[in-house]
Structures are given as structure tokens and as C-alpha cells.
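By letter and in written order, the chains are A, B, C, D, E and F; residue numbering begins at 1 in each of them.
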Amino acid sequence: MKLIIAYIQPEKLNDVKQALFQADVKKMSVTNSLGCGQQGGYLETYRGVPTEVNLLKKIRLEIAVNDDFVDPTVDAIIRGAETGNIGDGKIFIVDLAECIRIRTREKGKVAIG
Amino acid sequence: MKKVVKCMAVLIMLMPAASPLLAQETAVAPAATIQPINVVWTLVAAFLVFFMQAGFAMVETGFTRAKNAGNIVMKNMYDFAVGSIVFFILGYGLMFGDSIGGLLGGSKFFLSSASPGSPDGLWQYAFWLFQCVFAATAATIVSGAMAERTKFVTYLIYSMVISAVIYPISGHWIWGGGWLSNLGFVDFAGSTVVHSVGGWAAMMGSIFLGARIGKYGPDGRPRAIPGHSIPLAALGVFILWFGWFGFNPGSTTSGENLSIGFIAVNTNLAAAAGALAAMATIWIKSGKPDVSMSLNGALAGLVAITAGCASVSPLSSIFIGLIAGIVVVLSVELFDFVFKIDDPVGAISVHGVCGALGTLLVGVFAEAPYAGEGINGLLYGGGFRLLGIQALGVLSVFAWTVVTTGILFLILKRTIGLRVSKSEELRGLDIEEHGMESYSGFQIFTNQ
Amino acid sequence: MKKVVKCMAVLIMLMPAASPLLAQETAVAPAATIQPINVVWTLVAAFLVFFMQAGFAMVETGFTRAKNAGNIVMKNMYDFAVGSIVFFILGYGLMFGDSIGGLLGGSKFFLSSASPGSPDGLWQYAFWLFQCVFAATAATIVSGAMAERTKFVTYLIYSMVISAVIYPISGHWIWGGGWLSNLGFVDFAGSTVVHSVGGWAAMMGSIFLGARIGKYGPDGRPRAIPGHSIPLAALGVFILWFGWFGFNPGSTTSGENLSIGFIAVNTNLAAAAGALAAMATIWIKSGKPDVSMSLNGALAGLVAITAGCASVSPLSSIFIGLIAGIVVVLSVELFDFVFKIDDPVGAISVHGVCGALGTLLVGVFAEAPYAGEGINGLLYGGGFRLLGIQALGVLSVFAWTVVTTGILFLILKRTIGLRVSKSEELRGLDIEEHGMESYSGFQIFTNQ
Amino acid sequence: MKKVVKCMAVLIMLMPAASPLLAQETAVAPAATIQPINVVWTLVAAFLVFFMQAGFAMVETGFTRAKNAGNIVMKNMYDFAVGSIVFFILGYGLMFGDSIGGLLGGSKFFLSSASPGSPDGLWQYAFWLFQCVFAATAATIVSGAMAERTKFVTYLIYSMVISAVIYPISGHWIWGGGWLSNLGFVDFAGSTVVHSVGGWAAMMGSIFLGARIGKYGPDGRPRAIPGHSIPLAALGVFILWFGWFGFNPGSTTSGENLSIGFIAVNTNLAAAAGALAAMATIWIKSGKPDVSMSLNGALAGLVAITAGCASVSPLSSIFIGLIAGIVVVLSVELFDFVFKIDDPVGAISVHGVCGALGTLLVGVFAEAPYAGEGINGLLYGGGFRLLGIQALGVLSVFAWTVVTTGILFLILKRTIGLRVSKSEELRGLDIEEHGMESYSGFQIFTNQ
Amino acid sequence: MKLIIAYIQPEKLNDVKQALFQADVKKMSVTNSLGCGQQGGYLETYRGVPTEVNLLKKIRLEIAVNDDFVDPTVDAIIRGAETGNIGDGKIFIVDLAECIRIRTREKGKVAIG
Amino acid sequence: MKLIIAYIQPEKLNDVKQALFQADVKKMSVTNSLGCGQQGGYLETYRGVPTEVNLLKKIRLEIAVNDDFVDPTVDAIIRGAETGNIGDGKIFIVDLAECIRIRTREKGKVAIG
């Protein structure tokens, strides 16, 4: 089992969700995040003072999947999030030692989906 | 004084009811003691109507998304700023200047009718301010329907044109001594003059813009795009209701005219009834007393009673409010589900539809003891005569507004463009158009 | 005019002080020139009092949690909407109709006393509106104490009954020519008539409801449930303070009555003193100038001066404000720690307790030059007579409100139920009762 | 009546324009019928000016960070509460008491000039309230510039001193019959008396405090610290604009003075022009129509027209507004980039600089038909005479305020301290000074 | 050492905290999150338009524990969060390679508690 | 590759960012978090009611780095966040199985930086 963590542009969340649904990945968790990446930030002005904003708004996805679902999930995220521009985001994959469904106390593979 | 047509019209309209009193007063008290109360009343009412700008700003901000909040308040502030200046230069003259064939005014530009040297000259200033805040109300209605996707600079130009030309001309027909007023059309405080003009302009703007991204699914079904601050929206409705006590009773532009009392009562009762009816309607239809629709209901009642507030009884006001409250819900759904015109705050239904409705209902509910001798609606023995005139007025103003704003928005679309780019819309107009966020530090899901 | 008892009472009360002026005026100026200023003043004051609804909505929203914000504003809007309609139908007649044995009024239903045909008939409309917004104030006070756990539909029924029956009847005793007014009970603008009635009803509502989940720990110790928007709460307090300038000075219902000047001054000074005293008290007790308690202090001063604002000197107003500011803090803690009645916004202490306090303090601080000939409190040689009458009034209204609202809430509890389910309360009333969130897009810890 | 110098000054000033009317009125109508309209007008205006406190609170809250929001509203509420009490005890007497050598007043403490027994005695109350809310305006301006880093208790002491002593004394010079008024200095509604005093005090406070942590980078370049709620800031500006209709037209303290009409028009046009000019200026300079600077522009126009609103034509008002709108942007940048004085809300530029500017521009744009016989500015044939007097007044008040508030802030800094500790400032004043958060439940990046 | 990530219903946070305290787990980190799981979302209406909300509000807990604490912690979370309804939540367990206390620079087991 | 998760005091974010930049770590993700740790919470009062706040505001950093960057990154975080007081925060390190740049689909070491 793997835990997939993805950072994407906020406005792409709907597209990514669609792509994941099509790939039959229907469970996920979403948080707000600020990110610093290759997209160096941009210049805002406030009251005439130029300000470099280098923590950009991002969406953080966390998706736990069984091993055979890793590639489809990654592909779906890329499909939904890619625009070709800097700032499109990144995907991190971590080994998942265990997964437990609270309601049923099921563990492992069956609990994930 | 004879040029102050609206005020005159009102006085005449109310004469039969209040005339024993008014006549007497005029006879006994010297003219000089009469003026101050009228100036004070008109100014205080104008201040209240000005404050409605804050109400519109809060309603529209509250009903839209956080990422566009700064843009909305800018539009609300600047349609008033631009409107004040152009109404001073041009609009007031077109509306209240000496009538050219009953179609438009042709004098009083730059407020040249006013002067600091005489009581009447001084009175003109107060009257101008009252009219100016009305013009701005018509303009600002549109910002809500066009919210979250309109280019800021385009909006500034639109608001200049409506305040300078479009609103004043139809206003002239009704309040400036134009052809509709001569026919006996009754629109005491502007259900048609102000609200319908704003509402139909909002409709055209919304049509030319198209819906917000995400408003209609691939299947064409509407989706909810919830507003980001119900408390601010509710505050806005309270402010509007408060300001309407200037809008309607103030439209006597005379504090001596004791009718201001029942006008205020009618205004309040129609608002209350509108709120109740809208809540009941949406409750029945969707199973929950939806907050935002309920707030719209109060406004619908207020808009609808605006035309007839000086012509109907308090009980009729309750009925007018109830009808408007039901109609506004149906109308919002009609525009949303059937016409698929995306109006984030319900401006078309509240101001356009209920403005027209309220104007027509004068032809049903008007009663001579309130409206003045001989002015009776369908229910009070007046037959279809008044209703017919009202319908003619409603249609004329609809046609005028749809055509002129249609041309305006078409030109704007073809030239500088109406709408921001897709990515600007997604990221929010605050960042893209104004370079800042409205809620700095707050964590907000901007994907919505 | 003779039926306008409150207005009359005021005139009589103020006569000794202002009479040389008033008498003279009445003699010299023709009646017709007198009316407009009174109508204008009363209406403007009524508008300001109406605006207090926005103040209550903001205070109550700000002091409660984000997950219930939409529900609170709905309650504030709909107690006003419902109240306006039922006060028109029934309440006004019970309060100001011809007195049946000094206990309740029996005419003027559907505002039948007003008519558009005469100055006095027209005046009745203005007077009704002023009374209507007062009735709604009493009703809306309760929503704060019952916040975050009351069923919406139950609240609507409660607010209908209080505006239609409970408030008007005790109001009749004091302002409608009833038995208390005949005894010489002084409650100029309604510390008891409006605020105590609201406050005691709030207390009963809160008792019958029980505390919010999480308000009291397993050990019975209260826990803080902080409000979600201090800026909105502060805005609400500013709006209420602003509206109070209509509430108190407006209660002359006469702009000719020059006492409006010192009534306004008294109102302002008591509010300022109340704010200062409450801040100092909580600062000493808890080591910090608590914002929400400080805001309560200003309101406590305002409520307390409401009864005596036309009967005491500015200096006495400062003392009344100071006392109220201290008492409100102690009272909030008493209800919170000792009685364990959960009142999220402090409505019981601010309106109930300080309303009673302010009414009693008239019996201490009243001075003939302000209050009218022969009306002196304990400190000005009047002995315990006035104080006794004030105490009788306070107790009678307390008993009346506690009994009637007790019965009302008991019936509601046994029938449709007072309180939402545990899970609705936890998830928030906005989602459960209205199907939406008030701050869409914002990330909020809804577990709070 | 002869002691009411400001009012008198106004009457005299306006006499030439309106005198035929006024004289006539005074002759025909009995005195008793004149008073009520003036009292009503003055009170309503005072209420509106009071409401500006809410406007200041919202603007300052909106333009600062969420972690200090509660602290800001507390400062706004308590400078008014403290100010009301000390202005009652001391300030009013120093300002409007019998003049001691044209420098300060020496009677009328505790409002001893007022009494409930006569029309004039009653009038004094209304006049006091109007003056009291003005004094509080001057005090509250400072809270914005000192926001986010000032100790609460220090702020309370400062606000006590300014309302009790500093503001009243320079106010006496101009409105209390002091030396500047005798020279013919024109400051109708207080560009200098109120706004400049507040603005310069704000400047001194900001200098003594130093900049907020993070405002200037290690390279000395300013950084933006964005405000946390643009909608509340915009609401605040709308409320201020609304309140200004009490501030300026109300300064006639006479509803009979029909000049209130053009004063209101001037006020509105200058605000609109100021908003437009500021937006255009910042748009050109930074490429975007910055919201917060645009909001400042409306206020700049309002502040600038305050001195001359009764002395210039509507067209001149537009020019005054335009100039102020441009100047405010340049001034904000001057203080921010060059002087490196950290003023979170732009109070120094809006109130200090534009207050001085507006006062000087009276000497340029004043016109006899509006200003009164013989009062003409540079553009209307009056030469440099009036401009010179205006400059003298501006400089005197600048010197007075800078010196006295400088001493005050120095003493406060040396004794109880002006500024919170570094960690308090970082964590936010709400937690540290008041033990709570203003937006409980919301997720906010408090590192900002 | 393990890093335990749990998604629970917001209204159960207090119960879970109590249960964890009783199990002597006193350190944790909490974030807001939106989740898509078996609980398919629900229908809201706004202005008469029915809207399917499928990102539900959840609380995300992150708790780093030594290996012998894993089971008691998981049990405590389940005890606090379980109602038997869909949406009760899920627990993910990831291996923790290192843990460092910033103040003392302590590492490993001692740093966790 | 490692995923470094750090909890720090909100007011230290700028200092930590500076320190990371100096250590040439320029990519990171930031979220708000509430934390319970050794810093036991503190007492607030609201309306006179004392309230123990035991979920304190923290900033959560997530930084994916190649193995040779782990120590410099940890050092930089400590340098920026340390004050010596309880509540300074904690760092957790997790093995990162994979890292993918969405824009280019690059994987592994090259994708991280």
C-alpha cells in the first residue's frame, strides 16, 4: 500500500477529481497548503508597495491506494493537473505500513478502498 | 419650484387625501417656515438612500466568492463615484431639464438650475442629491448580476453610460415631466424608474457575459456557487431595508407631506411579507428555509412596494409583499434553470421582475384615499385603465433598457471586452484585477 | 391625539421643565406647522430603531460560532418580519387600543385608528411604525440567549406570540394607559417595557432549552465557547448605540420637545460610562480587558439609561452607566457560574437585569428639572415613593413575562420541540436547518 | 445663543448668501417655531457623526491583520467612551467656554451652560453632543496609524488627553471664538480642527512607536502588510461617507440654513472625485487599481472638502476632491518610502495632509456667493489674503499638535511604555492584550 | 517509530482527544481537511439549486509514536471516533525514520513523547 | 529521498524560511496546524470564563529532499526555529518512495529540487 501526496494548483482540483473518478479512485483527502517551488512566486502590490509573494496557494491531496493502483492514480493526477506551466505541482509517494477503517476495524487492502 | 416635477407630481397625487391639511398649512404658515423641514427631510432621506450603496456592496460581496470580494466592493464604490460626477454633468439635465417633446430634458446640466442665492435655488441642491443617489442605485444593481467575471474597466464604462444617459432618459418620461407621467403612470418611488431599469440592464449584462465557469454542468444543469459570507449579506439586506425608509417616504421630497407616515408603514409591511413569502416558498420547494433566497424575499417586497407605496393601503402592501416574495423565488429558478442566465445575487428577479410586478400591482391595488382622487386600481373600481397605463410604462421601460444596454454591452464586448480570461476568473478577480487578496491570512479554498 | 398615550405621558412628564416653551409654541404657532417636525422626527427615530435589528444580528452572529451564523441572522430577520405583521394585526391593538380595565387594549387592530384623510390619522401611521420597531426589539433580544441550539420553526412561533400578545399586554400597562402608568411608573423609552421583557423571555428560553453541548464540563464548570467574529460583534454594538439615539430621544415622538437634546446626551454618557465600568470590572477580575464583556458594558449602559433618560441629569446618567457596567459583568458571571444558564451573548444580563436596574435607578436619580414637577428620586428628596412604584413595575413585568413565556416555552417543548438534535447542534444549524454554510470556502474548525 | 460661536460663525458666514431668506424668516416666524428644526437637524447630524466611529473601526480593522482585530475595535470603542466623559468634564469648557485671551475657554465645564429649563438651555445639550462626536473623531483617527503595536492602556491615556485638552484648545482658536476665528480663518466643518489634529497626532504616535516588525526589510525597503478584510474596510468607508453627511451639512447646526443642500452636494462630489483620482493615480503608478488606496481616495476627498464645503461651488468641490485624491496617494508613498513612518491605514495622509490641503484650498476656491460676502479665494479675485490666513491656521495647528502630542507620547514612552513586546506583537494583540482571538474557529496564518 | 495519520469526523475530535489522553498519548497535531470516502457526500441546496457536496469536512490527526504505542493509539482513536456510521474515518500508519525535538536536538524514541 | 515534516511556531516561519534558503533548500509546502505537545497550552479567558487552550497554533512544513540534503535541511530548520523554549517544535522524517514532477513527469532525484 502506498500513500500518495500530491500538490496541485487550486483551480485544477475539479479536473483532478474528475480524472481520479474515471480511474476509479474515489477516496481522497484534500487540504489547503501554501507552496514554494520552481514557480518563484509573483509580485503583488498593496497600497503601492510591491510585494513578492513566494508562498503560493496549492491544494494538497492525500490518497491511500493499494500497490496496483499507484500508477493509475499518478497518471490520473497528472492528467488532471498538467498544463505544462511551472507550478503544475508534484507528487510524492510514501510506503503505507497499515490502513484501518474505523467503522469496521478492517485492516490492510480491504480497508483502503 | 415649478420645475421640481417629481416633487410636484407627488404633491398633486397626494393632494386629494391630504389636501385639507396641506392647503391650510400653506395658507397659514409663511413660505419661509415651510422650506427647512422639506430640505431637512429630503437630505436625510438622500443620506439613507446613499447608505444603500453599502447595502448593495455587502449583499453582493456576501453572495459571491471570497476571491472576488475586493472587486465587488470596488465596483460598488466606483459606480457611485462615476455616477455622481456624470449625473452632475449630464444625467440630471437629461432627466429633469426642460422637456424636449416629453422624451428627454435639455437643460440644468452641471446643476445650473441651483444657486446659493435664493431658497428655491438652495432647494435645488437638496433635490439634486436625492436624485443622484437614486441614479446610483439603478447603476449599482447591475454589479451583482455581472459579478465574478466582468472586467473592471468595462464595468466603469458601463456605469458611466447608464448614469449619464440610459437611466435619466427613461426617468424623464416618468419623473421629469415626460410622456409617461402625462399619461398618469404611477411609479411613486421608482419600482420601474430605478429598479426595473437596473434589473433589465443586469439581465442584458448577464446574457452578454455568459455564465460563470462551473455554474452549469456539462449536462446543462445549474450548480450552486455559494456565497462566502452570509452575515455580510444579511447585514446588507438590513442596510437596504433601512435605506429604503429614505427611498420611499423620502420620495415625497417633502416633510410636510404627512403621507410619509403611511408610506413608511407600507414599505415595512411589504418587506416583512416579502421575506415571509419567499421563505415559505423555498421551504416548500426545497425542504429548507434557504437563507439567501429568504434575504432576496425581503428585497423583493421592498422593490415591489416602491411604485405603489403612496397609493395603496397597508393591507394591500402586505399582499403586494406576499406576491413579490413568491414571484421572486419562481423567477430566480426560471432564470437559473430555464433561461440559464447566471445571476449570482438574483438581481434580475429582485429588481427587474419584482420592479415590473410592483408597478403593475399599483393598477390592481391603488385606492383613492391613499393614491389621490380618482386613482383606483382594478380591485377598487378603477377597472383596467390604470393597469393598462402601468403595463404600457413597464413595457416601454423594458424595451428602452433592453435595447440601449444591449447595444452598450455589444459595443463593449466587441471593443475592450466584457469578460476576464478564464484563468483570471479561476484565480479570482481580486488577485488578477487588483493585485491583492481580500482576506489576507485566512485560509480559503480558492478552487471554489 | 388623545389616544397617543405614550406621547402624551411624555409631554406631561416634561411639561414642568419645558412647559413655558411648549405652551407658548402651541399658542403661537398654528397646529398645522407643528405636525411635520413631529412626524419627521418620529419616523427618523423609527428608522434608527429599525436599524438596531442589524445591530442585534451582528452582535449575536459575532458572539456565536461560525457554524450557526446563517441561522442567527435568519432568526433576527424573521422575528422582525413576523413581528411586523402580527403587531399590525393584533399587537398594536392590545397595546394601544382603548384600555379594558387598565389591563389590555381592545381596539385599533389592523391599525384601524389610522387613516390617510386627516393629519391625526396620518400621524397614527408614524406612531405605529415607531411602536412596531420597539416590539420587534423586544422579540429579537431573545434570539441571542437561545442561539446555537433552538429549532428555527419553534423560534418563529415564539416570536409571533411575544410580538402579538406578551409584549403588547405588559406594554399596555405602562405605555398604553394601563394600571402602571396610572400609578406614575416611569419608563420613558422602555428599560422595562422593551428590554426587561426581552431579557426575561430570553432567560426562560435559555432555561427550557438547556445549555449548549460543551458549555459545562463534567465537573459542572462553565467553559468558554468563543464567538467567531469580534469585528462583526463590535460593528453590531456601534449600530445599536447609533440606533439607540432613535430609541431614547425618539420616544418623545415629538421633535418640538426640545428635551430630545438632553435625552441624547444622557444616552451617550451612560453608554460610555457603562463601557468603561464593564471593562474595568472584567479587567480587575480576570486580568484582561475582555472584548466581548466590554461590548456588553456599552449595551448595559444603554439599556439602563433607557427608563430614565428623560428624568435624570447627565451626571446621573454617568452614574447609572457606571453601575450598569459593573452589574452586567457580575450578572453574566452569576448566570454563567452559579445559575448555569447558558446565554451565549449575555442577553439576560444586558437586557433583563440592566433593564430592571435602570428602571429602579429612576427611583434613585430622577430630578424634577428633568423629570417634571414633583418627580424626584431618593437622592433628590423624593423618598422611597417613586422607587417603590418602580419596583412594583419591575416585579409585575418580571412575573408577567416569566409566567407567560414559561407557559409558551413549555408548550413548544412538549409539542414541536425546542431544541435541535445533538448531531444537528454539533454539525451546526446552518447545514442542518438551512442546508448551507455561512462561510463557504473558508476553512473553519467546525468541531468547536 | 451668543456663546454658540461655531454656530454663530456659520450663520454670519452664510448670511450674505442666504440672508434675505434668513432675515425674513426670523422676522416672520416666532422664535419658538424655529428651534425644533435646528435641534432635530443638529441631533440627527450628531447621530450620523457618531456612526462614523463604526466606520473608523471597520476601516482600521479591515486594513490590519486578523490577529489584532479585537484590539483595534476596542481602541475605537474606548477612545469614544473615554472621550465622551472627559469632553463632558473638561474638553467642552476649554473649547467653547468664555475665551481667555482667545487661547482657551474657561467655563462651561460639566456642560454647566445647559439646563432643562429653557429653549436655549435645552439647545446647549444638542450642541454639546454634536461637538462631542467631533472631538471623538479627532481622537479615533490616531488609532489607525498606531495600530498593531500600541499598548492598550497607553492608548487609553493618550485618547483621554487629546479629547480633554489638545483638541479642545486648538478647536477654541477656530470654533470657540479664539484668535484664529477672529482673523477670518475658514474651517467650516473641521478639515483642520478635527482631521489635521487627528492626522498630526497620528504622525507623532507613529514616529514614537516605530514601524511594525516586518514592515521594513533589512534593506530598508517597505513591505506590504495586507489588511485582513477588504469588505469590512469598504463597509467602513461607506459608513464614513454616510456619516460625513452629518459632519459637513450638520455643521450649520441649523436646519433652517438652507445651505445644507449645497454643502451635502459638495461633500458628495468631492468624495466621488477623490475616489476617482486616487484610483487613477495608483493605477498609473502601480498598474492596478489598488483597492485599499482607492478607498483612501474617497476619504481624502471627504477630508479635503470639510473645510470649504460651505464656501465653494460644486464644481470647485470636484477639483478639490481630485487634488486630494492625487495627493493622498503621493503622500502615502512619501511617508512609506521616504520618511519610513509606518501608518497601516494611511491616517496621516488622509487626515493630516488632506486636512491641511483642504484648508489651504479654501483660500484658492472660496467664492462669495457660497462663502459669504467678501470671502473670495485666489481664483475668485480675493488675492492671497485668505490663503495666507488659511496657511497661518494650518501651520499653527500643526505646530500645536506636533508639540503637545510629541510631549505626550514622549512621557508615555518613558513611563508606562508605548509599545507591546516583540513576542506580543508577533502573536497578536488580541491574544496578548485581551486573551482571546477575534476569529475563533477560522484558520488564519498568524505568522503574517 | 510510526507516524499515525487519522481522518475523523470533526465533531468527534473532543472524544478522540479524551480517549488518547486516557491512553497516555498526549502529543498530536491536528489539521482541517476535506474528504471523499465511502460516505458519498450529501445534498445541500443553495438558492433552490440542489448541490452535491462530496468533499466533506474531516479532521486530520497526525501522531508520531514509538512502536509499542501504535496499538494503544489506534485503539484509542477508534474508541473515540467510532459511531458505526459510514464516514467514521480511517487510520493510516507510516514508518517514521527519524524524529527530532528542535529545542534539545534529541533524536529518536526520546524525542517523540 | 526523504520527506521531512516539521512543526514550528507560526512566528518563526520567516526565520526558518531564511535559514532554508541559505541552506539552498528552496522548495517546501506549508500548512496551518494545531498542536498538542509538551507546551501544555495556556489559559485564555473569554467573558470571564477561564479556558484552557491546549491545541496551539503551529505551522507544518513538508519538505521533500534527496538523502544528502536531509542533514542540512534539518539543521536549517533547527537554526531558524529554535528559541530554547518549550513549544519550539518537532521534526519527523519519513522515507520517500518516489517523487514525480507533474509538468515534466520526471521522477526521483531530479524531480525533487
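What we mean here is this: contacts are C-beta pairs under 8 Å (C-beta built on N, C-alpha and C of every residue); 3 or more make two chains touch, one makes a residue touch a chain.
Quantities reported herein were computed from a predicted structural model and do not represent experimental measurements.
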Problem - Both-way neighbours, i.e. chains that touch subunit F and touch subunit A - result: D, E
Practice task
Check B-E, D-F or A-D against C-E and flag the pair whose interface repeats it, over half of the contact pairs matching by residue number.
Solution key: D-F
Practice task
Averaged over CA atoms, how far is the centre of subunit C from the centre of subunit F? Could you give it in whole Å?
Solution key: 51
Exercise for the section: Express in whole angstrom the distance between the two chain centres, defined as the mean CA positions of subunit B and subunit D. Expected result: 33
Exercise for the section: Among the residues of subunit E, pick out those that touch two or more other chains and give their numbers. Expected result: 31-32, 34, 44-46, 94-95
Exercise for the section: Could you list the positions in subunit D whose residues touch two or more of the other chains? Expected result: 33, 37, 40, 44, 226, 229, 235, 286-288, 290, 292, 435-436, 439, 442-446
Problem - Interchain contacts, given as pairs of chains that touch - result: A-B, A-D, A-E, A-F, B-C, B-D, B-E, C-D, C-E, C-F, D-F, E-F
Exercise for the section: Can you check the complex and tell me which residues of subunit A touch subunit F? Expected result: 2, 5-8, 31-38, 55, 58, 60, 74, 77-78, 81-86, 88-95
Handout entry: Residues of subunit A touching subunit D in the complex
Key = 32, 34, 44-51
Problem - subunit A partner contacts - residues on subunit F that touch it in the complex - result: 3, 17, 26-32, 62, 64, 94-103, 105, 111
Problem - Residues of subunit B defined as touching subunit C within the complex - result: 17-18, 20-21, 24-25, 28-29, 33, 37, 40-41, 44, 48, 65-67, 226-231, 234-235, 237-239, 241-242, 245-246, 249, 255-256, 258-262, 264-265, 268-269, 271-273, 275-276, 279, 286-292, 294-295, 298, 314-315, 318, 369-370, 439, 442-446, 448
Practice task
Please name which positions on subunit C make contact with subunit F in the complex.
Solution key: 222-224, 226, 282, 285-288, 290, 292-293, 296, 329, 332-333, 336, 346, 443, 445
